[in-house]
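What follows are several structures.
Paired with chain B in one complex and with chain C in the other, chain A is shared by the two complexes that follow.
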Partner chain A sequence: MNNLQSLSLYWPELILTITVLVTIIADLFYSPKESGRTAVWVLGGLLLTYVAIRVQDSTIVTTLFMENLAFDPFATFFKTLIIIATVLVIFISQRTSELTNYRTGEYYALLAIMVFGMFLMVSAIDLIMVYLAIEIVSISSFILAGYLRGDLRSNEAALKYVIYGAFSSGIMLFGLSIVFGLAGSTKFFAIQEAMWNLEGSANFAFTLATVFILAGFGYKISAVPFHFWTPDVYEGSPTSITAYLSVAPKAAGFALIIRFFNQVFGDGGSFMDPSLTTYTELPWPQLLAALAVVTMTLGNLVAMQQNNIKRMLAYSSIAHAGYMLMVLPTLSSQGVYAVMIYLVMYMFMNLGAFFVVIYVKSQGGGESFDDFRGLGWKMPIVGIVMTIFMLSLTGIPPTAGFIGKFYLFAAIINAGPQMYWLAIIGALNSVISLYYYMRVVKVMFFEGETSETVLIPPIPVILIFLALAIPSVVFGVYWTPIANWVSKSLVFFTQVI
Partner chain B sequence: MDTSILSWIIWIPVIGMGAIALIPREKVQAIKMVTAVATGIQFLATIGLWTRFDLSNGGFQYMERAEWIPSFNITYILGVDGLSLPMVILTGLLFFLGTFVSWNIDRAQKGYFALYLLLNTGVMGVFLSLDFFLFYVFWEVMLLPMYFLIGMWGGPQREYAAIKFFLYTLFGSVLMLIAILALYFTCGRTFDMLLLMQTAPTALDGVMFWGMSAIKVIWVMLFIGFAIKVPVFPFHTWLPLAHVEAPTAISVILAGILLKLGVYGILRINYTMLPVAVWWFAGALALLGLINVIWGAMCALAQKDLKKLVAYSSVNHMGYLLIGMAAVIAAGEANGNNLLAAQAGLGGAVFQMFNHGTISAMLFILVGVIYDRAHHRDIEGFGGLATSMPIYSGIVAVAFFAGLGLPGLSGFISEAMCFIGAFPVFKAIVIASTLGILLNAAYFLWAFQRMFMGELNDKYKNLPEINKMELFTVVPLLVITVFFGIYPRPFLDLISSTMNVIIDTVANMGGIAGVF
Partner chain C sequence: MDSLNTYLFIAAILFSLGLFGVITRRNGVAVLMGIELILNAANLNFIAFAKFGGMNMSGHIFALFVIIMAAAEAAVALAIIINMYNNFKTINVDDVQELRQ
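Here is the complex of A and B:
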């Protein structure tokens, strides 16, 4: 579609842009104390964006702005997911004690900018657009990570994030330039066609480019060995931002990986027939499998050593990225399906775990395991809710996390016996993860028993807990709505060559 | 016939749990009453199942079926047959009695009884579900309550015991999950166990995983998952720890029911879905049984802690059962169609499941009784208790005799059946395991001698006699042990039709087992 026509399908992004502008202007009229009210504007804008997404004709599958962006149910799925995550994080941010001394107008405006960037990330089908989208998201998250200006660790987080970010986008850009050099185009489909025509004569160059590009993508989803920023950034950032970084940009990063490998190196879309993907003879499935194994194993092994719960959750989120990466080498639509289901489940449980950390800290506690001692006795509701999130993250039925893992393993097993080893490694990893997740439960309930007066959180906090804990359990028992939503969304824009 | 009775049996404890959640935590008595009522109703319902159970039907009865997640072919299927019914009744009985064993829990009763009921639902669900996914969910639902019950209300090493139990079992379960998925995708995308029993043997025929027969790979993965629960040597190390650290009622449930889940799983899934591999594995199974018998008995002999002794006696007793299970191949053509031996072996194994459930439950309750009074369980630390606690000593004597397999008590019958069944096929193993019987008698008698005979330790001169509540929990088990020791017929009638079905399934595979 040409630029003018595209605008009619671009309402959600336009509304987001207006939201950002309105938020920044509105912030000028608030006193520093009231600055948090800008959240209302962002929430309103996100709601309108959501409405705009819903009223769009979901049957249209096309490209926008001269093949720069794809417009398909796959992108819509991720956009919806990102909006839900952002709304939850905005509510969570209202309850955090870390931000009380800061003006938060920019905070919410930056969140909205990030949403815009992620919208581009999930629909980009042009290398330049990919790069721009990643940078929009990254730069806003650098600022958000360093939002606590008075806190040294937050500054450290932002700086580390910038350095690693610049480094990996540089490498990625190099990879993209190789691809452009070989294919003569930045459009995914043109590259795919060019690769087809090269008939494997430039496979080494393409492999090299893939490795470089993976550096950029891997950075976004914090896959090993591009994960080094994760623990420090997660620990230093405001916890609400940590929660956000561990969910939304990760989801967007997965959308980008799926779309890129699917449409550039894959069969161009449906992933239905693995035999089609072999025409490139590139070892990218093996690369992704190796990345997955290293990511989840290292994430889990290091998470076991942590004494700070935020850091532990950072490494655990690395491990979860590994679980999701595990299915991409299956080259099947079931694999993509599983990742999408997993992301939905993961969003609730991971945000939930971080919110517990935020709440405990705002009640005068800290972030280390020692600060959680006896929590289940002092605040039984928080303890029980945290137990649910920990179980869900481990993947014990009947929780949402189990269903997520179940679909991942199912996709791998379905790919045939040659992939079973990957499933076994993944399964053993979830046993390892049990140890450190249960350590949280252990310190909460088995230690520091007291009969002190029970603390019951205020109603808004309970509501947020319920909004995160109920899906974490209910989707573990009945997830047909999610399954239907995902299977409807499993439609890519494709161009058959 | 009311067809939703199985659902009620599973979900009554959850209703009780909901009720407990609404009771303020100070009202301890009300919480206990709710638990007693919920488990009591459940127990009566399981008895109700038995009274209307068709003994001549070896298939599943009281079937229930409902849609759950159609997009993945996951269905809610429940049913009961001669293999699961005794276990269901045992579960109902032990959870009901366990409520009264837990009566003295002195802190956080609300959490304890809520988790206790959740555990009950998990266990019942495993025995009754006929959909593999449902089975797995219930299998895992048990873990969390168990983790908490050991970790919060257990002994000094409770934290380590709890996480060790959890890690071991989860390790087994994830292998099982992969095996379940492998079965799902190779056998026509279904979790329906009844369908899988029909399709799996043919669908997997000739399928290879990594150059090995798929049947063997899946068999072993499932077996490890179940063997950890049984526990089969060398996966047994979690058991003594968990048993010793758990509060009395939980030890009762653990030994009485949870160990049976592993055996149940092997019989229900490995035997009926992958019968051909039974031929391949039976020898190893019998050998593992022998190791369990000897190893368990030797370890028990060495223990100074009475509860640990009882825990190792479980390892020992599970060994007899494994040998009996292996005897099922006697019915095959290769072994001369010895149907009687197979019936004795398999029937003995299932009977041993039930008997060990009642006997070990009794033993753990009795250990709890003395621990509550003396606050230690050191065998050497007692002596001459028979003079200060005559009734208690008498009951312990009967329970120990049941444990060592004295004729006239139920343990003897099932152990004898296991050996009789296995003898024609595994002569050497059966002969070697008689050494285990000797050791078995030795550790029980020696412990009895040290604790109850000899001179009375002055410290324990005034120990109060076993009280009424404790008697109430022990006597039913004692009666069952004596009754089935004298007249095992009702039990064997209950299981025989289903045993014949399983034996048929396995025996028919004997012909192709050589090729396999």
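Here is the complex of A and C:
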């Protein structure tokens, strides 16, 4: 579609842009104490964006702005997911004690800018757009990670984030420049077409470029060996931002990876052909499988040794990225289906676990295992929901995490016997993860003294807990709505050559 | 001399220098300079490919966008380093060791 026609399908992003501007301007009129009210503007804008997404004709599959962005149900799925995650994080941010001494107007405006960047990430089909989208998301998250200006740990998190982030996007950019040189175009489909006709002598350059690009993508989803930033940034950032970083940009990163590998290295079909073959001589399914194994194993093994729950959750989120990476080498639409379901389940349980950490800290507690001793008796409701989230993260039935893992493993088993080893390693990793997730439960209920006074959280906090805990349980029993939603969304814009 | 290979060669050298700088330098600002070298190496690649490959304008446009994003990134990174100097009284990235038990 040309630029003018594209605008009619670009309403959600336009509304988001206006939201950002309105939020920044509205913040000028608030005193520092009232600055948090900008959250209302952002929430309103996100609601309008959601409505705009819903009223669009979801059957349209096309490209926008001269083949820069794809408009398809796949992108719409991720946009909806990102909006839900952002709304939850905004509510969570209201309850955190870390932000009380800071002006929070920019905080919410930056969240909205990140949403915009992630919208571009999930629909980009042009290398320029890929780079721009990743940078928009990264730069705003650098600022958010260092939002607590007076806090040394937040400073350090931002510093490490900005150095690793800029470094890996620089490496990715160099890879992109080589791909551009080999293909002669920045459009995914033109690149794919050029790959058909690539001479054998160019294979080395192309392999190199792919590895460089993988570095950039791997950084976004914190896959080993590009994960070094994750534990420090997750530990040092404001916890609400940690929760956000572990869910939304990760989902957008997976959308980008799936689209990129599907359309540049795949056969241009929409993952519908189970016998997808690649025509480059790259062993990239094996490459991704190796990456997945290292990612989940390292994530789980290091998570076991942590004493800080926030840091433990950071390593656990690395492990979860590994589980999701595991199915990408199967190259099947079932694999993508499983990743999408997993991302929905993962969003609720992971945000929930971080919200418990936020709430405990705001009540004068801390982030280490010692601070959680006897918590189940002091704050029974918090203890119970934390147990639900931990069970769900482990993947024990009947929780949402189990259904997510079930689909992942089913996709791998269905891919054929050559993938069984991957499933076995994945299952072993789930067992390892049981140890450190259950350690939280053990510390909460079986250590420390039982207390006589029982602390019941205020109603808004209980509501947020319910909003996160109910899906974590209900989707483990009745996940048909999610499954239907995902299967309807499994349509890519493709150009079969 | 006036061939694509020369430009690619120079870009590769710039890239390697940038990589080396990021890995060896301990001064926050010097690390950023290394990153800028990497970005400019990529830029050089884009422009060279666009000029010699007989391609359309997208190479030039890509380079322009990279310059803009590099400026934005440098602004944020420098702000973070200034903030770090205010709190830690150093810009040596190795001296910042609050996290990690």
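What we mean here is this: the second predicted complex is superposed on the first by the 488 of 497 C-alpha atoms of A that agree within 3 Å, B and C clash if a C-alpha of one lies under 4 Å from a C-alpha of the other, contacts with A are read in each partner's own complex, and residues count from 1 in each chain.
Following the convention adopted for this analysis, a residue touches a chain if its C-beta (ideal position, glycine included) is under 8 Å from a C-beta of that chain, and two chains touch if they have at least 3 such contacts.
What you see is a predicted model; the values in this text were computed from it and never measured.
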So, does A:L127 touch the first partner chain B, the second partner chain C, both, or neither?
second
Which of chain B and chain C A:S362 touches, first, second, both or neither
neither
Regarding the shared-chain residue A:S6, is it in contact with chain B (first), chain C (second), both, or neither?
neither
After lining up the shared chain so the two structures overlap, which partner does A:V431 touch, if you call chain B first and chain C second: first, second, both or neither?
first
Once the two complexes are aligned on chain A, which partner has more residues of chain A within touching range, chain B or chain C?
C
Give one of first, second, both or neither to describe whether A:F174 is in contact with chain B, with chain C, with both, or with none.
second
Go through the superposed model and pick first if A:Y420 touches only chain B, second if only chain C, both, or neither.
first
Once the two structures are superposed, pull the chain A residues common to the chain B and chain C interfaces.
none
Touching residues of chain C toward chain A in the complex: what are they?
8, 11, 15, 18, 22, 28, 31-32, 35, 38-39, 41-43, 45-46, 48-49, 53, 55-56, 58-59, 61-62, 65-66, 69, 72-73, 76-77, 80-81, 83-84, 87-88, 93, 96-101
Touching chain B in the complex, chain A uses residues 391, 396-398, 402, 406, 409-410, 413-414, 417, 420, 423-424, 427-428, 430-431, 434-435, 438, 441-442, 445-446, 449, 478-480, 483-484, 487
Could you list, by residue number, the parts of chain A that touch chain C in their complex?
127-128, 131-132, 135, 138-139, 142-143, 146, 149-150, 152-153, 155-159, 162-163, 166-167, 170-171, 173-174, 176-178, 180-181, 184-186, 231-232, 235-236, 307-308
The residues of chain B that touch chain A in their complex are 68-72, 107, 136-137, 140-141, 143-144, 147-148, 151-152, 158-159, 162-163, 166-167, 170-171, 174-175, 177-178, 181-182, 184-185, 208-210, 214
